[in-house]
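Written below as structure tokens is the structure these notes are about.
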Amino acid sequence: MKGANTSIVIFSLLALASTFASASDPSSLQDFCVALNSTKNAAAVFVNGKFCKDPKLVTANDFFFSGLDKAGNTSNAVGSRVTPVNVDQISGLNTLGISLVRIDYAPYGGLNPPHTHPRATEVLVVTKGKLYVGFVTSNPDNRLFTKVLKTGDVFVFPVGLIHFQFNIGKTNAVAFASLSSQNPGVITIANAVFGSNSPINPDVLAKAFKLDKKLVEYLQTQF
Amino acid sequence: MKGANTSIVIFSLLALASTFASASDPSSLQDFCVALNSTKNAAAVFVNGKFCKDPKLVTANDFFFSGLDKAGNTSNAVGSRVTPVNVDQISGLNTLGISLVRIDYAPYGGLNPPHTHPRATEVLVVTKGKLYVGFVTSNPDNRLFTKVLKTGDVFVFPVGLIHFQFNIGKTNAVAFASLSSQNPGVITIANAVFGSNSPINPDVLAKAFKLDKKLVEYLQTQF
Amino acid sequence: MKGANTSIVIFSLLALASTFASASDPSSLQDFCVALNSTKNAAAVFVNGKFCKDPKLVTANDFFFSGLDKAGNTSNAVGSRVTPVNVDQISGLNTLGISLVRIDYAPYGGLNPPHTHPRATEVLVVTKGKLYVGFVTSNPDNRLFTKVLKTGDVFVFPVGLIHFQFNIGKTNAVAFASLSSQNPGVITIANAVFGSNSPINPDVLAKAFKLDKKLVEYLQTQF
Amino acid sequence: MKGANTSIVIFSLLALASTFASASDPSSLQDFCVALNSTKNAAAVFVNGKFCKDPKLVTANDFFFSGLDKAGNTSNAVGSRVTPVNVDQISGLNTLGISLVRIDYAPYGGLNPPHTHPRATEVLVVTKGKLYVGFVTSNPDNRLFTKVLKTGDVFVFPVGLIHFQFNIGKTNAVAFASLSSQNPGVITIANAVFGSNSPINPDVLAKAFKLDKKLVEYLQTQF
Amino acid sequence: MKGANTSIVIFSLLALASTFASASDPSSLQDFCVALNSTKNAAAVFVNGKFCKDPKLVTANDFFFSGLDKAGNTSNAVGSRVTPVNVDQISGLNTLGISLVRIDYAPYGGLNPPHTHPRATEVLVVTKGKLYVGFVTSNPDNRLFTKVLKTGDVFVFPVGLIHFQFNIGKTNAVAFASLSSQNPGVITIANAVFGSNSPINPDVLAKAFKLDKKLVEYLQTQF
Amino acid sequence: MKGANTSIVIFSLLALASTFASASDPSSLQDFCVALNSTKNAAAVFVNGKFCKDPKLVTANDFFFSGLDKAGNTSNAVGSRVTPVNVDQISGLNTLGISLVRIDYAPYGGLNPPHTHPRATEVLVVTKGKLYVGFVTSNPDNRLFTKVLKTGDVFVFPVGLIHFQFNIGKTNAVAFASLSSQNPGVITIANAVFGSNSPINPDVLAKAFKLDKKLVEYLQTQF
């Protein structure tokens, strides 16, 4: 009976390991803490960040990702594609405070629209094309810092500030961007404001954006 | 048999979710990490802070608390009452580094006695009445910073320092105080020193406080 | 000659003390570090946060602010007024990681429009009136968490997320909000996007917000 | 004239370097940031922590302290002596988050009286003698954790909690204690409460400690 | 049936408690978070740091360690022995950011070889003997800071820098060292470089260390 | 006379601004804190990190760097070249916790030799060529995690661990690496150990590396 109990326990622990979302941290407290993948969502215990894999079972593949040489598909409304490599793609990034993305931009107007990363500063390096980029400071100044970037140029978007990149060249453009968090988060302004699920009371948005309420309601159907 | 095992596992995981105390963190690593309530104490696995609820199951009520318009009962030895709103009352505060309290003070001498918050600075705003407040700096200076506050006045008590508020007005007084932690902790000096469980050796307290040992032993029966 | 030099030095150091903006920090490294006020801007050396006042010169008034009993003037386009009490109002808050605000809302529609605090979570308590409040999570879900609050109700807006409060009552409304930073920052979305200084290229905003370019250009004149 | 100006400038900068108190930080941002000694206090600009010495001028002596083999003088009211080695003794500890002390205890009752370190956990190792030690947890439990330590024993006092050590042996005792901050701070409870400068209103202390007001006033003359 | 289910659950939770490795954190979020010991490795869920014991079950022994009065055995290739007292020896150190070690050195050449602590600064106090100690700064300067220490001398080794101690006296030597992490980690340079498991490609080491490839391969058999 | 004094003061403050090295921080406390460049070293006051430029004077160029499209010169002993873009190249990175580098590797054996970053995790993406890369864990396991990377592959080197990259392809190779600090630091193991300035006592290195003392002394002339 004791043996039977033991096997139930072990099984439930393995289930725990493979079912939970996993745990990271702002400061690493061991060599690494490779995130456990959340493969099921029937049961749900989480921690701030992610749970970690048994270090004895960790392999080099937990620190590896392949495919950033492939262009992202930019056939969409904004003409850009972000390919992320954060803790969801490389579980070994858990607790380590960094991630990266590849961004592809369609020619003549591919746009990575105004957004913020609530938990990360971004450093972007252009490897192809010509981008008009910028960020806006907080109240009361709301200063726009903007620059046209060419291949080999680097630009910084400080944490939490609204920023964008816009392809003003005739060819597609490519950039790699580093972010100072394993889980930086993205808030695309237009989507969060006009496309929230469920919609924000349109009176709020009409007053805030000085738009006609009908237009707000129309925009809310578009995002 | 495998089916039966699976159902046991799922049950145990749900039990895990509802039984554990939950997990916060000094720096939020996702939009939020709503604390799981600890409803049983038979089993016990904890983390630094609190475990979190499945984000899919989180609702607006996890960020909500009601009742701070109600006066606390000040019919007690010190004539004051602290109504806390921290991670134990609003589970959505988990990992977010802030909480608040309402404090009610009886007329003519309601006292929030000398205490420290080991993990928080406090900012207090008086909404009714007249309070004599103060804090004392660390060694070697032990400077007292003190002020009489009226309605609309604000005062800061830096993290870890001993502080107090004392109602010197003829009416009851009310204040709201913000604390820079979701779990600030409170050490009421007199209670920790003379009312610890079990009691500190009275020779220690007699020597430290320059009190007669008999008086120390008497005080130890009072807290 | 040496005496003359000495007096010049002392004068320049005092000037330094009264001219610089001052320095805070995420973790306090002494009892307190009261910010020096920046009274001139001819010369400019800054640090992350604020420089501090000589602790020997610090008094209780450095931790004190008066006037939160007074209603803010809501006669403006959005019908609300935020009265801040952060490190710019109470220099003693420097390095201590907390601040607060009083918010007044005009009857029937006073709005604290959608905004983010890049460096703080907010906990709001309503002391008068009836507010419809909400926040939106990050991509990809953009979930809206919303609630109607009455006197004595408390709500949490997690750090970095877009949130708002809207007076849906017939009377004016008042709230106190605590923020988990001595310098939380505010980014009012509409102002940062449409009112930046200088303006963002309207092609960017037209594409991002699915608005006609003419309308974007019109909005840019309104903020 | 320009040359004259230049020499004034250089002189004032050197004065700056030798006059200011210096700057540390919770997380080191370079190999080291050796604190500048504050040798004068006529002028006063400070930062959170300490300003640093030019790294080019740093030598091994900035990381060195001599004399912990010498017993501290315990001929005082409590019969103990703390010899600190923190950022004030080793300027190289600045920003590095650690310090240590030697503590000597007189035979039969040498006491390191109840105190807190607002910014540090303490780990103590006894190198001679026999100590009764303890700490008390925060509200509401105020649990006392206590132990008798002999040579070679180690005990932990968690950050912010009230703790003490008491020599219950017939010989003098010696301990070394490590603290998790370069500037841990010390609040000796009895001194801060009854010996503050100026005194706390005795009505506050009489009510808080359940002592007669006359006794409080007497104690206030003793600390 | 429900009763039976409950007992299974409780059993699995206790198993969880005794099987997992446990969880600490860079900043303590409660009075303490005593680490759970990892006694089995069949199942494996970890967090950044360690899971914690039920606070109700914590006793003074969780903060206690005995035996640092005993000399470590230095009969080994380098002639030194480090006796650690970190979170693996005192589970109460979990989340508290500090630990210590006793180091014994054989006479005439006992060596604590060049190593780094990736997560801690070290402060060392010599209690017996005479040590030649040093650390090297990062690129491009690689400056050596070195000192001969005698009984009662203290020296600091900043976080992450390569450092060593070498007994240059005729007697054995003893030191106590404090480290600014509950889990500081140790990377002994020679072992990590030449003794990794599996071996680094010898072409890499031959080129990096300007050694003959045969010698590298020989060294790789020695560590 | 007062006017004359004022002009001296202003001059000395400007000198301060242009002479000091500047100050960053682990957590940004304002939108940005652009580092001041240290252009002179006659006078020397530093802080942890860098002093900041007056925000009013900040421009987009403070967040900009140009030239990462240019190959680094790999004609050197190890056949590799690191082109850094950290706070020394982009002053706007100050306080923001991220930086990047371009690394060029000569064909057939270009080596970025074993090194650590004491303050950063590294994420590397290969944009050309074929690299054998690896890192080694801390004691006692010293496990080697290794992988062969091709164009588009990404690999993570956790903070503080010894790691390397080696070009095993027939062409030159190029990688971009992100680091989780604005000032990550680099310790090239062979240089710090055998090339320190001044040299480490060769007896220490002979014993630590199991090398003949003559060979150690020879190596010390080579680095």
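So that you can tell them apart, the chains are marked A, B, C, D, E and F in the order they are listed, and the count of residues begins at 1 in each.
Basically, a contact is a pair of C-beta atoms (placed from the backbone, for glycine too) under 8 Å apart; a residue touches a chain by one contact, two chains touch by 3 or more.
What you see is a predicted model; the values in this text were computed from it and never measured.
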| item | value |
| --- | --- |
| Chains touching both chain A and chain D, listed by label | B, C, E, F |
| Centroid-based (C-alpha) most distant chain relative to chain E | C |
| Interface sides of chain A and chain F: same vs different residues, half threshold | same |
| Between chain A and chain C, centroid-to-centroid distance (C-alpha), Å | 26 |
| Centroid distance [mean C-alpha coordinates] between chain D and chain C, Å | 35 |
| Per-residue overlap in chain C, given as positions that touch at least 2 other chains | 8, 12, 16, 24-26, 28, 31, 47, 49, 118-119, 134, 138, 146, 159-161, 185 |
| Complete list of chain pairs which touch one another | A-B, A-C, A-E, A-F, B-C, B-D, B-E, C-D, C-F, D-E, D-F, E-F |
| Complex contacts: residues of chain D adjacent to chain F | 5, 8-10, 12-14, 16-17, 20, 23-31, 33, 36, 47, 49, 51-57, 94-95 |
| Sites on chain B touched by chain D in the complex | 77-78, 109, 111, 113-114, 116, 118-119, 132, 134, 136, 138-139, 141-144, 146, 159-162, 164, 166, 185-201, 203-205, 207-211, 219, 222-223 |
| Residues on chain B engaged by chain C in the complex (per definition of touch) | 28, 31-32, 58-61, 63-70, 85, 90, 92-93, 96-100, 120-123, 125, 127, 134, 137-138, 145-147, 149, 151-161, 176, 178-180 |
| Chain E - residues contacting chain A, complex | 8, 11-12, 15-16, 19, 24-26, 41-49, 118-119, 181-183, 185 |
